[in-house]
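Quick heads-up: structures coming right below.
Look for chain A in each of the two complexes below; its partner is chain B in the first and chain C in the second.
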Partner chain A sequence: MASQILYALPFLAKGFAVTLWVSLLVVTLSLVAGVLLGVGLVYGPAPLRWAVRIFSDTIRGIPILVLMFFVYYGLPAIGLHLPSFWAAVLALTLFKTAQVIEYLRGAVASIPKGQSEAAMAIGLTFRQRLTSVIFPQAFRRFLPPWINGVTDAVKGSALVSLLGITDLMQAINQVIGRTYEAMPLYILGALIYFAVNYALSLASRRLERRFAFIRE
Partner chain B sequence: MSDATNASPALLDVRDVSKAFGAVEVLRSVSLQVKRGEVVTVIGPSGSGKTTLLRCVNFLESYDSGSIRIEGKEVGYREAGTRQRRSERDLAAMRAETGMVFQSFNLFPHLTAAGNIMLGLTKVRGKSQAEARQIAEHWLGRVGLAHKADSLPAELSGGQQQRVGIARAVAMEPKILLLDEITSALDPELVGEVLAVVRSLAEDGMTMLMVTHEMAFARDASSRIVFMADGGVSAVGPPKEILAAETSNERLRTFLARFRASHF
Partner chain C sequence: MGYALNFNLIWRHFDKLWGGLLLSLELAVISIAIGTVIGLVLAVWYVSAGRVVRAIIAAYVEFIRNVPLILLVYLVFYGVPTVVDLAYSAPTSFVLTLSVYSGAYLVEVFRSGLEAVPRGQLDAGKAIGLTPWQRLIHVRLPTMLRITLPALSNTFISLFKDTSIASVISVPELTFGAQWINFNTFRIVEVYLVTTAMYLLTGYILLFGLRLVERRFRAAR
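Moving on to the complex of A and B:
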C-alpha cells in the first residue's frame, strides 16, 4: 500500500501544482476585477453601480457548480468554446469577483466620511484620496474576509475536477481508481489542502497584527 | 453691498449663496466678505446654516445659486452663474488654497502626526519627504507638539489631535483657514490649548472664517462677527456691537439671552 502511494506521489504533485495554479489565477484575477468593480460600485456613476450590483447579486445567487457547467457546456451555444481549464478558471473567477466586490464595498463603507472630507480639504484628488487615505485604512477591514475567501478558493478549486481537469482532487481519484486505497489517499489529500489553508491563515493573522495599530 | 470706499477687495467674497436640501432651505441668499488678515466668526443657533456655509467655501458642499470667490476666482463652478462644476483636478487645486479644521478632527489614523501634515505637502505641493518633514516639524513646534511628531492620532488626546489638525491645515499655507466648531468635541479643559493656537495664528495675520460656540473667544479674537439665523445673515458687525446685550435685533437678542442662560 505505502509503496503504491509513494509511486503515485509525482502524479499527485502534478495535480497539486494544477490546484495551486488554478487557485493563484482565480485569486489574482478576482482580486483585480473585484477591486475595480468594487470601486465602481462605491464611487461610480449610477448606471455602472447598477450593473455591478446586478452582476454581484446574480453571481452570488448561483451555485458555483452551476456557474461552472454553464460556462463550459452553456456558452458554446453562443459560440464561445473555452477549453475546460479556462472555463473552470473563468467560472471560479466570476464567483470570487462577486465576493471581492462585497468585501471591498464593506471595507470602504466602514471608513468614516470625515476621512474623505479631510483628504479633499488638503487638496488631494480622487485617486490620491483612495490610494493615500481610504485604501490604507480599508485594507485592514478587507483583509480578514478576503483571506477567508482565498482559502475558500483553494478548497473550491477541487470543483474543477468535475470538468475533467487533473488537479489534486482528480489526481487522487485517479490513483484511488488504480489502487483502491481510498482512505489513506483522501486523508493525504485533506492534509495537503489543510496545510495550504493553515499556512494562509497564519500569514493572515500576521498581516492583521501588522495593521492592528490603526484605531479610530 | 460692499463699501464703495473700501479699496482692498475681499479675499473671500460670498454673494447671494442659496442652498436647499430638498424642501429645506439651509442657505438663503447669504453674502459675506472676509478681507486679508481678518478673523470673521459666524455664530447662530444650530441649524442656522453656519457649517453648511463654511463647507460651501471649500466646496465640500455644492450650492444652488450665487457665487463664492477667493481672490476673485470662482470656487466650485466654472463661471459665476453657471452650475458647471469644475473638474476634479481643478477642485482639488482650489481646495488646497483653503485650509479646513473639523469638529471631529478627522486625522488620518494610519499616519503619524507628522505624516498627517506631510501628506498634502508631498502629494499636492510636490515637496520632497525631507522638506515636508521639516515643515511638519516646524508646525508641530508651533502648536506645541514637537515631541509628538511620530505619534499616531490614537495616542494623542483630543486637544492634541485638534492641534495636529490645525497644523495639517496651515502647513499647506492656505489663503484662508476655515474652522468648523473646532472645540465642540473637546473636553472643557482641552479647549484652551486649541484656542491659544488659533489666537497665535490670528496674531500672525492668518485670514480665518470660523464657526464657534465659544462666545468669549469670538469676542476677543474676531475682527467681525456674523450672526446667522434660518439660513440667512441676520447681523454683521464688530464683536462689541453684535454681542451687546441691548441689540435691537430681536433674534440675536434671543440667541444671546439663551446662550448666556445656558453657559453662565
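Moving on to the complex of A and C:
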C-alpha cells in the first residue's frame, strides 16, 4: 500500500499544482472583476447598479456546481467554445466575483459619509476621492473577509475535477481507480487540502490583526 | 449562436427537477437538524470545557472547514466502507457527511453567540438562584439564539445549496435531475435556466421565512 502511494506521489503533485494554479487564477481574476463591478454597484448609474445587483444576487443564490455545469455545457450550446480548463476557471471566477462585489460594497458602505463629503469640499475629483480617501480606509474592512474567502476558492477548485480536469481531487480519484486504496488516499488528500487552507487561514488571521486597526 | 430556446422537453421531464428539489430540501432539513444538535452540544461543551476537550473540538471544526465538501462526500461514500463493515445508501451517506460538515460550521456560529451573551445576564441568573442548568436553558441559550439568528439563516441557506454536491454520488436531487435532462435532451441552456430559477426561488422563500422568525424573536424582547 505504502509503495503504491509513494509511486503515485509525483502524479498527485502534478494535480496539486493544477489546484493551486486554478485557485490563483480565480482569486486574481475575481479580485479585478469584483472590485470594478463593486465600484459600479456603489457609484455607477442606475442601470449598471441594477445589472450588478441582479448578477451578484443570482450567482450567490445558486450552487457553484449548477453555475459550473451551466457555463461548461451551456457555452458550447450557444456557439462559444472554450477549453474545459478555462470554462471551469470562468465559472469559479464568476462565483468569486459576486462575493468580492459584496465585500467591496460592505467595505465602502462602512466608511462614514462625512469622509467623502469632506473630500468633495476640498475640491478632490471623483477619482481622487476614491484613491486617496475612500479606498485606503475601505481596504482595511475589505481585507479580512476577502482573505477568508481565499480558502473557499481553494476548496471550490476541487469541483473542476467533475469536468475532467486533473486537479488534486481528480488525481486522487484516478489513483484510487488504479490501486483501490480509497481510504488512505482520501485521507492524504484531505490532509493536503487542510494543510494549504489552514496555513492560509493562519496567515489571514495575522494580516487581519495587522490591518484591523481602523482610524475613526 | 443561433440557439433557439425550447422549454417543451424541460416540462416533459419536470418531475426530475421537482422531485429533485424535494429531495434537496429533505437532505438539507435532516442534515441541518443533526448538524444543529452537534453544533449546540459541542458549542456549549466548548465554552465550559478544559483545554483538551477544547483542542479536540477545535480540531474537528478546523479540519472540516478546511477540506472541500466534495472530498468529504467521496471519503464517506467510497472510503469509509472499505475499512469499516458498514453498508449505506448514497442518500444516507450524504446526509451523514453534510451533518458532520454542518455541525462544524454551526459549532462556530453557536460558540461565538454564546460568547456574546452579556455577563450581566448570567450574573443576574445566578443572583435569582437559578442552577447552572436553568441558567443555560432559560438565560444563555435563548439570548444566544437571538444573537445568532441572522448568521444562522445564512448558514442554513448555504447548506441547502451544498446539497447539490450530493449529485456526485448520484443522489437524484435537483442538480442531478438537471444533469439528467442536460445529457438526455441536450436542452442545456433551458434546463439550467429553470434549475437556477428553482434554486433562487427556494433560497429566497427560505430566507424570507427565516427573516420572519428573526423578527418574531426580536420583537419578543
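Basically, the second predicted complex is superposed on the first by the 215 of 216 C-alpha atoms of A that agree within 3 Å, B and C clash if a C-alpha of one lies under 4 Å from a C-alpha of the other, contacts with A are read in each partner's own complex, and residues count from 1 in each chain.
In this section, a contact is a pair of C-beta atoms (placed from the backbone, for glycine too) under 8 Å apart; a residue touches a chain by one contact, two chains touch by 3 or more.
Not measured: the values here are computed from a predicted model.
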Superposition on chain A - do chain B and chain C clash or fit: fit
Partner chain in contact with A:189 - chain B first, chain C second, else both or neither: second
A:43 contacts which: chain B (first), chain C (second), both, neither? neither
Identify the partner contact of A:63: answer first if only chain B is touched, second if only chain C is, both if each is, neither if none is. second
First (chain B), second (chain C), both or neither: which does A:114 touch? first
Per-residue contact with chain A, leading partner among chain C and chain B: C
Have a look at where A:169 lands relative to chain B and chain C in the superposition and call it first, second, both or neither. second
First (chain B), second (chain C), both or neither touched by A:123: first
Quick check on the superposed pair: does A:136 touch chain B, chain C, both, or neither? Answer first, second, both or neither. first
When the two complexes are superposed, chain B comes to within a least CA distance of chain C, in Å, of 25
For chain A, which residues lie in the overlap of the chain B contacts and the chain C contacts? none
Touching chain B in the complex: which residues of chain A? 112, 114-115, 117-126, 128, 132-133, 136-137, 213-216
Contact residues on chain C for chain A in the complex? 1-3, 62-63, 65-72, 74-75, 78-80, 82-83, 161-165, 167-168, 175, 178-179, 182, 186, 188-189, 192, 195-196, 199-200, 203-204
Chain C touches which residues of chain A in the complex? 58, 61-66, 69-70, 73-74, 77-79, 151, 154-159, 161-162, 169, 172-173, 176, 180, 182-183, 186-187, 189-190, 193-194, 197-198, 201
Residues on chain B engaged by chain A in the complex (per definition of touch): 58, 60, 88-89, 92-100, 102, 104, 106-110, 119-120, 123-124, 152, 154, 168-169, 172
